[in-house]
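Listed next: structures, encoded as structure tokens.
There are two complexes below, and they share chain A, which is joined by chain B in the first and by chain C in the second.
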Partner chain A sequence: MESRKEEFEATCNLFINSVNNYFKHLTEIDSNIRVPYLKEANGLLLKDYTGMIAISGSRKGFVYISANREMFGDLIHMFIGIDDPSDEDILDMAGEISNVVAGNVRANLGANFMISVPIVFEGMPKELKIPENVSIYVIPIQWNNHEAFVVLGLE
Partner chain B sequence: MKKRLLIVDDSSIMRRTIEKNLANYDLEIIGQASNGVEALELVKQEKPDVVTLDITMPEMNGIQCLEEIMKIHPSCKVMIITALSDKLTGLIALDKGARGFLYKPVSAEDLERSFNKLLKRNGE
Partner chain C sequence: MMIEGNINKQQDPKSNWLLNLDKIEDKTRRNYFSGLPPEHTLLDFFTYAFVINKPKGRVGGDGFWLHERGDDVYLALFTCVGEGHLAHMMIRIYMNALKRMVNEYAIDYPGSILQFVHGEVQSRFNNKNNILLNTNANIGIVKVNLITKEMSFAGANMNLIQAARDGVRVIEGEKRQVGDTGASKTAYSSIALTDTDTSSFYLCSSGVYNLIGGTSFKKLNMAEFSQHLATIQRYPVSSQKEHVEEFLADWTGSNRQNDDILVIGFTP
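Right after this comes the complex of A and B.
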């Protein structure tokens, strides 16, 4: 029987594959995954803009993707050709990528792995509270010379 | 005669991406909606021929919206475009009347292939 640690790592790998697939499929530019690591819950790793998805059902927790404006701006430029996206566009892009990365994991984990609509924010909102009973796994990624964090927290 | 298209997705970037990638098709975009409630209002008013429909949306999700669309405008061709890539969700959508199903991330080529099939272009 799979241990909790192995199960957690297997789930993390699904997210890594999902992120890689997103960038490769839509941009034909590979993302590079740096060495992932476990993080204590005190203090979150955030870039300028973040899209977060709450996870419920068979697993409970969250996943977020956080990056600077330039990375989301590059994606928007590739998708719809605009050079000067609004803050709203940047947040929308952060939400959409987090939705796709989380939703694609259901190919392996099934429909009981339930995801919320994206919660998007700029900076570090004061009201953002992370549950204490989650293991937090940080996956640093590089895509098109931008750095981003995929952060997975699961009970 | 141009087919009339409604685009439904809570992401504005995604709605505009779909619009851009379908620009070469003989389609008139009659509206865009960011959730199922807005979509239903537009379906009642405009009776579109084709709807692209996301599933994970606020207010009313795409599966509930699809059920309602099929009640009020059953000839409408609904193409689900969703990140929820489990087989069960696809089967539920097809069972409830969707004519096509695409998993995000969706490239221009994916969309083209699916719309060729949906609109029976290229002899498919």
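Right after this comes the complex of A and C.
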């Protein structure tokens, strides 16, 4: 049986690979993964827009993808050809990337490991409460001169 | 902008803290529903009307539009190809095309409105190569004169169901979608309807006919759905929404809803 640490790392890798594949195949621009690191629950990193996915089943937690408006704007320009995206477009792009990444990961996870439809938000919602016993793993990503975070938290 | 260190800590780690995520409002879902006319506004124009809008995910690729001009009201239902957030973006593009039609051109006939929208979307995406978005949509649009109850309909890969005294009729739209950037110049005809003051009408997104279920575990077809609409005509119009919702839920059963659903029913 996999240890908790190995399971945690395997889950992180699933999300890293899913994000990498998303950028590589859909934008044809590779993303670079910076050195991942552990962080305390009270010091989460959030950029302008975030798509957050709840994890339930045998492990409880979350994963989110957070980036600034400019990155989502570039993706919209590439995917849809819109040069002047509205705030609604930006939020939808954050939802779209989170959905695709979550969907790819869902296909690779066991039946006891379930992930939700992403919740998309802007800034820091006051309802976001994370217990202290959650391990937070931050994966900084560089794509097309933009920085994004994939952050995984598991009990 | 980057925000750090403002997360609220939850004191009891054993409580189901994931439930908190459900308390966070999904802004895309809010935008989706707030971008559509509220159901009650249909009652300003019709004797009775209902809207059943159930996106498969947090947002959907189905939308509708309502516009009053003089004694006429226009109601359009559209299904953008694809699903989820990208289809939701296309809804706004179609809504903006309709707004532009209203503000700058004031076109009268439903068929001409479809033709205009087709041209708008085509020109917007012309020469945009390699986009991932499918720009096509199915649209049904009705024009109703609020005084005389005269009605006309045009459809782009969408039909209108009319439940009249003598049974249910399917008013067929053109088989072509709007917004196909590869399509040549496209015309849509406007169809004048009869018996409008004694009928109820139904517009449905294509997702209704993608619902898998029933006793044979197959897609719902238009004949089966129309038959159901015929049977509920004996009930008061105010209870029709409930009957349609029950029918769709029974059809789907324990199967997962596999597409966005939008149904609009109205009695002129």
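By definition in this document, the second predicted complex is superposed on the first by the 150 of 155 C-alpha atoms of A that agree within 3 Å, B and C clash if a C-alpha of one lies under 4 Å from a C-alpha of the other, contacts with A are read in each partner's own complex, and residues count from 1 in each chain.
Everything that follows uses one rule, which is that contacts are C-beta pairs under 8 Å (C-beta built on N, C-alpha and C of every residue); 3 or more make two chains touch, one makes a residue touch a chain.
Worth saying up front: this structure is predicted, and the values here are computed from it rather than measured.
The superposed arrangement places chain B and chain C in clashing positions on chain A.
In the superposition on chain A, A:52 makes contact with chain C only, not with chain B. In the superposed model, A:144 makes contact with neither chain B nor chain C.
When the two complexes are overlaid on their common chain A, residue A:22 makes contact with chain B while staying clear of chain C. Of the two partner chains placed by the overlay, only chain B lies in contact with A:106; chain C stays clear of it. Chain A has more of its residues touched by C than by the other of chain B and chain C. By the document's definition of touching, both partners, chain B and chain C, reach A:80.
Of the two partner chains placed by superposition, chain B and chain C are both touched by A:117.
Contacts of A:92 after superposition: both chain B and chain C are touched. Mapped onto the common chain A, chain B and chain C collide along 25-33, the only clashing stretch among 25-33, 79-87 or 115-123.
Once the two complexes are overlaid on chain A, the chain A residues touched by chain B in the first and by chain C in the second are 26, 76, 79-81, 88-89, 92-93, 95-96, 99, 116-117. Taken in their complex, chain A has these residues touching chain B: 21-22, 25-26, 76, 79-81, 88-89, 92-93, 95-96, 99-104, 106-107, 109-111, 113, 115-117.
Residues 1-10, 12-13, 17-18, 20-21, 23-28, 31, 35, 57-59, 84-86, 88-89, 92, 125, 128, 130-133 of chain C are the ones that touch chain A when the two sit in their complex.
Against chain C, the residues of chain A that register as touching in their complex are 26, 41-48, 52, 54, 56, 60, 62, 68, 76, 78-82, 86, 88-89, 91-96, 99, 116-134, 155. Taken together, the chain B residues at the contact with chain A in this complex read 10-14, 16-17, 20, 56-58, 82-86, 88-89, 103-105, 107.
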